[in-house]
Every structure is written in structure tokens, then in C-alpha cells.
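You will see chain A twice below: alongside chain B first, and alongside chain C after that.
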Partner chain A sequence: MRRPSLRVLSITTIAAFCVSLSLVFFYAPIEAEEGFLQKIFYLHVPLAIVTLCGFVIGGLCAIAHLRTRDQRWDLRSYVAIHMSLIFGVAVLITGSIWARGSWGHWWVWSEPTLVSFLIIMLLYATYQPLRFAIEDPERQARYASVFAITAGAFVPMNFLAVRLSASYLHPRVLGSSSNLPASMGFTFLVSLVAIALLFATLCSYELAAKRTRILLKARSRILGYQS
Partner chain B sequence: MNPLATTLPEHSNDGYVAAAYIVFFAIVLIYVAIMAVRLGRVERKVRDLSAQEREKERETV
Partner chain C sequence: MLRALLRKELLVELRTLESIPGMSLFAVTTFVVFHFALNQDTVSGQEAAGILWVTLLFAAMLGINRLFVADADQGGFDGFLLAPVERTALLIAKATALLAYLLVLELIAVPAFGLLLLGPPLGQALPGLLAPLALGDIGVAAIGTLVAALAVRTRARDLLGPLLALPLLVPIVIGCARASAPLLYATRPGGPPLRWLGTLALYDLVFGLIAYAVFDFLLED
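Showing the complex of A and B:
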């Protein structure tokens, strides 16, 4: 199967974002309880979903790396986790802004969703120091894969644990108790697609850049040139 | 589509919404800028490598 080129992916992402923002601000109705502040959810929740999926994808790529010993899978795993960390920072900031507007506090320690997400972020914050503390590339890739698989398995377990917990202070967008109107649900789905496309595009750029740098380094070494 | 007047901000919370979207786009822009700088470095290396290669070829000729 032919992969879409970076240009096509980028244009699709920009178009999806334009549609998503138009729907958020001009189509989706203002929520009765939250008011205009609820518009943050069209950004915050898709970002959180894509971030958590990115961590899981990183784990799946790591499994593929350990099975095949193909370095490309390790690179994919690294890029997925790297990008998820960046998206995760955006999740924490947008969530804090929403919490400030809604609850009057930037952070609420008694709220399981917030704290569990922070735990996941702190766990993955150790991924890069662990990875780059090992000099041997093969060992580095192997250790990073083991970490990615373990942490990747922790993500859905953590999500389920929070869902099953008693406190439901954090608003639910998706789930059995959700009764999102069709217009809001549609806007949310388009936003989710836009954020997922952005994730895929940035991952593709990062992968292309990394592959080019690896090729360049190898070529320099073969030719014995110094930069 | 809903009329514009019913979906435009009328609440005191619109600053938070603007802040959240601005922060998100700022993060993406910073990341893209870092990528552009790194790409520039790679381009420079490719140019250096090509120049060195040409030089070596000229020397052998």
C-alpha cells in the first residue's frame, strides 16, 4: 500500500483543522452548564485521547521491534512516545486552563483523571533520559522497547482504573452516561480526526527527519568525512 | 448551521477558551520552528558532504 506523502498529509491536516475550528466556534451550540468554556473540550479531550493512543502505539511498535529486531520499529516507537509527550504537555495546560475557569483552581489533587494523567506523563518523562543514558544503540533500542511495552500496558489499565473509580467529578464526554447532542458529538469527532491527523503528520515529519539524519551519519562515516 | 449570534462568546470565560487554543497553537508552532532549525542543519550537512565529495572527485581526476 502506498503511504500518503507528507505534503498531502499536511494539507489534509490544515483542512481538517479549519473545518474543526469552524464547527467548534460557529456550529456547535453553547453548553447550558459550562457555557462558552466548554469549547475547550473540543481541544482538550481529543488531545488527551490521541496522547494516550500515541503511548499505546509506542508500546505496540516496541513489541514489533523486539519481535523483528528491525530498528525502524524502534524509531517509530520513539517518535510516537516523543510526540505523545509534547501533546501531553498541551493536555495538561489546556486542562488546567479549563479547571481554572470551571472550578477556580489550576489543579485539583483529589481528581483521579488529572492525577492519573500526570502520573502517566511523569512515567513517560523518564523514557528519554533512560534511552539516552545508554550509549550502545542496540541495547538502547532494546531497553527503550521494554520500557515502552511496560508503560504502554499501564496506560489502558490506568484509564480503566480511573473509569471504575467512584469519583466522577471530571466531566465525561464519551461513555454510557454521556448524552452529547448530535451537533456536539459531530464537532467532537471532527476535532478528534483533526488532532489525530496532526499527530500523524508531525510523527511523519519527525520520522523523515530522523531517517535522513541516520542516513547522513552513515554516509559520512562510510566516506570518512567530517562535518 | 446555527446563527452566529448564538455561538459567539457572550460569557466571561471566553478568555480561558482563547488562552487554551493559543497555548495549543503556540506549542505546535514552537515544535515546527524547532523542526525547521533542525532541517536547516541537515541541509547544511548535506551541502558540506556534497562539496567534500566534489572536491575529492576533482582531486582524483
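Showing the complex of A and C:
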């Protein structure tokens, strides 16, 4: 059951990436002020949106885990947060490159979105140390879920606080996507879909690998008892 | 029930004096360290607000780290779980005790700050400082209790407590430092901006509710 869906997901992701990259490079117009550098917008912003959604999804899976006590929800929560952390590093790197190109500095403190993103990454960086500092697997899952819920709620709150504290320098991508030219908006949406598909595919692969490992462990335990 | 738990917390602290003296001493020492590190006799404005809040935050961290240690090591959790009471009672009692520690800490640290480092007289800023101090304390108490309970039964609890708490407390530092900065200018001090007090109150409320919602799950075994 699982293998065909993984294959379908992978092929869809590759196709979506081909479409989105060709749109980015051949269809979307070169932006007047920033020139070619603005193309990183189609990578950076979808990555950031997917990362933040991944963190929130991790929190929602954690709520499901605490409600149902089904370990599979904890596994999903773990995988979503783990993958978001990897995507988050990419967001920080692409964001830094963009900031360097358009404002001349690798890091800009007056830029609320970048700063709040860093704080969120610093918080989630403690997810795995916390998780693996607990030995009992049941308690580990429970504590990790409590963390995931707290941190998931922290994501929007932190954005609110940091945005209030800084001036508005960042291009207001989310609020102002309506006044993007239609071709740019379309390219952006396709890129967002491609990145979201990539996230889903990588999560499914990690989930499949983790499930297989759990299965193998169980099997080898049974075999070990028999011999 | 709540009163009994709170009484136990405060009694244990009064008899052992494990947290409050250490926190206060740490705060005063940190002011001295800031004096030498910045090589300044007096500070004012945003700088003063920053020093005050960083010091209070790190001093609070000492209390947060110790908050559940005795319960985890000496069977306090087991005793509590055997009693037929709501588990959230422990959260509220611990958070109230932490709030009390923070109030005592500030009774010592804020005058010491005025004496040692603050340029403009403390008296004119003090009435306005009460609101950010109170809102900051409530937030630190709610988040600190939750984080302390999360970290206390892990292998590296002394390390994980501050690592978990600091990012979660960043919005409180932003709010408190911005709200108290206008009060600490030598010339024409202003009132605390209401925008920041509102943000702080909202943050306290949200994290108070989250702590209330998830605390039960930390106390199941």
C-alpha cells in the first residue's frame, strides 16, 4: 500500500519542481528594482511558509497524540518538526543571501520576519535535545508532544511580538501578494505548491523509514527470543 | 488544597532558603558585572531597561531551574500523584510560588539597580515600572513553571531549562524592555507605552492558558 503512494508523491514533486523552476526562470518577469536576485523570492518565501506550517502541523499532531495516545501521531509530529528544522535552515540561508543582495548585510535586525524566524528556530533546536534526554519512550513521546504544542502556539505569538517591535522594512509578501503582477503571483503559487509537495514527500519517506525500522526492531526481537 | 500546596512551597523555601537569596545575590552581582563590562557608572533609557530585564531574566532562570528539583528527586511528585486532587493545582501553586520569588527578587534587585547603575532617580520611574514588572512576572511565572516541569525529569535538566525558556521568554523581554525604556530617560521621561502592556498581557494570557492545558500530561507517571 505504501510504496505506490510514495512513488506517486515523488513523481508529482519532481514534475511540480520542473514546472515551478521553468516558470521562475522563463515566465516570471525580471523585477525592476532588484533584478535577477528577486528570483530567490520564489524559493525563500515558500520555504518559510512551509516551514512555519510544518511546525504548526507538528503541534496539531501532538494534540492528536495526547488525545488518542496513539504513538503514530507522535511519530508524525516528530517527523514534521524534524523536516521543518531542515527546511528552516534553508530559509535562514536563503534569507541571508537575499538580505545581503538587496540591503547589503547578511543579517538585518530591523527585519521582523527574519528575526522572529531565528527565535523560532532557536526554540525548535531544543526539541531533539529535550526528546532524547528522556529515556522512557512513553514519557518521551508525551513530553515531546507538550513541547510541540507549546512551541506551535509560540510561532504566531512570537511573530506578533517581534513585528510590533521593529519597523516595517521587509517586503510585505503575504499581505501584499495581491498587488504582485499576475505572472509573479502565479509563479509564486506554483513554487509554493512544489515546495509543499517536497515537504510532504520527504516527510512520507522519513515516516516510511521510521516505521520500517520499528517493524524490523520488533521482528528481530521476536527472532531473538526464539533462537 | 491550593492553599496547602502553596503553603508547602513557601514553607520549604523559607526553611531551606534555596532560591530567593541566590537569585537576589545573582542579580546584584550581575549589576556589578555590567558596570565593569560596559565601563559606565550610570545607564539610562533603553540601555538601562535592557540591563534590568536581562538581569531579572537570568536571575529568574536560577529559580526556574530549581523549581521542581526537590519534587523530582525526593518523591514529591509521587506523593502529589497519590493525593486525590486536580493536577493543575500543582501548576497554580508552583507558578504562584515562583511569582512570589520574583516579587521578592525585584524588591531587592530594582532598588539595587537604582542605587548602583541607574542614572535618573528611581523614584520618578518606579510607579510606571510597576505595570511592566507585574506583567513580566506573570509571564515568567507561567512559562517558567511549564518549562521547569518539562525539563526536570530529563537527563540534562540544568542545561535544557534555560535553553527552552530563553526563546519562549524573548517576547516578554521585548515587551518589558520597550515598556520600561521611556520611564528610564533622564530628561522628559514618558509613561509606559500601552501598546506594549497590551502585548504583554495577551502573551501572559495565551501562555497561561497553554500551561494550564498541557500541564496535566507532564505528571502521569
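The criterion applied here is as follows: the second predicted complex is superposed on the first by the 210 of 227 C-alpha atoms of A that agree within 3 Å, B and C clash if a C-alpha of one lies under 4 Å from a C-alpha of the other, contacts with A are read in each partner's own complex, and residues count from 1 in each chain.
Here is the rule we go by: a residue touches a chain if its C-beta (ideal position, glycine included) is under 8 Å from a C-beta of that chain, and two chains touch if they have at least 3 such contacts.
Not measured: the values here are computed from a predicted model.
Colleague: Quick one: on chain A, after the overlay, do chain B and chain C clash, or do they fit? Just give me the call.
Modeller: They fit: once the shared chain is superposed, the two partners occupy separate space.
Colleague: Figure out whether A:I93 sits in contact with chain B (first) or chain C (second), or with both, or with neither.
Modeller: After superposing on A, A:I93 lies in contact with chain B but is clear of chain C.
Colleague: Specify the angle subtended at the CA centre of chain A by the CA centres of chain B and chain C, expressed in degrees to the nearest 10.
Modeller: Roughly 130 degrees separate the directions to chain B and chain C.
Colleague: Is A:I119 touching the first partner chain B, the second partner chain C, both, or neither of them?
Modeller: In the superposition, A:I119 contacts chain C only.
Colleague: Which holds for A:I222: it touches chain B only (first), chain C only (second), both, or neither?
Modeller: Touch partners of A:I222: none, neither chain B nor chain C.
Colleague: For A:L37 in the superposed arrangement: first (chain B), second (chain C), both or neither?
Modeller: Once the two structures are laid over each other on A, A:L37 reaches chain B alone.
Colleague: Per the contact definition in the header, classify A:P29: touching chain B only (first), chain C only (second), both, or neither.
Modeller: After superposition on chain A, A:P29 lies in contact with chain B alone.
Colleague: Is A:Y205 contacted by the first partner chain B, the second partner chain C, both or neither?
Modeller: A:Y205: touches chain B, not chain C.
Colleague: In the overlaid three-chain picture, find the nearest pair of C-alpha atoms across chain B and chain C and give that distance in Å.
Modeller: After superposing on chain A, chain B and chain C come no closer than 26 Å at C-alpha.
Colleague: Identify the residues of chain A that lie in both the chain B contact region and the chain C contact region.
Modeller: Residues common to the chain A contacts of chain C and of chain B do not exist here, since the sets are disjoint.
Colleague: Residue numbers of chain C touching chain A in their complex, please.
Modeller: 146, 150-151, 153-157, 159-160, 163-164, 166-168, 170-171, 174-175, 178, 195-196, 199, 202-203, 206-207, 210-211, 213-214, 217-218, 220-221
Colleague: In their complex, what parts of chain A are in touch with chain C?
Modeller: Residue list for chain A touching chain C: 66, 119-120, 122-123, 126, 129-130, 133-136, 138-139, 142-143, 145-147, 149-150, 153-154, 157-158, 160-162, 164-165.
Colleague: Show which residues of chain A lie in contact with chain B when the two form their complex.
Modeller: The contact residues of chain A facing chain B are 25-30, 35-37, 39-40, 43-44, 47, 86, 89-90, 93-94, 97-98, 100-101, 183, 198, 202, 205-206, 209, 212-213, 216, 219-220, 223, 225, 227.
Colleague: For the complex, which residues does chain B have touching chain A?
Modeller: My answer: residues 1-2, 4, 6-11, 13-14, 16-17, 19-21, 23-24, 27-28, 31, 35, 38-39, 42, 45-46, 48-49, 52-53.
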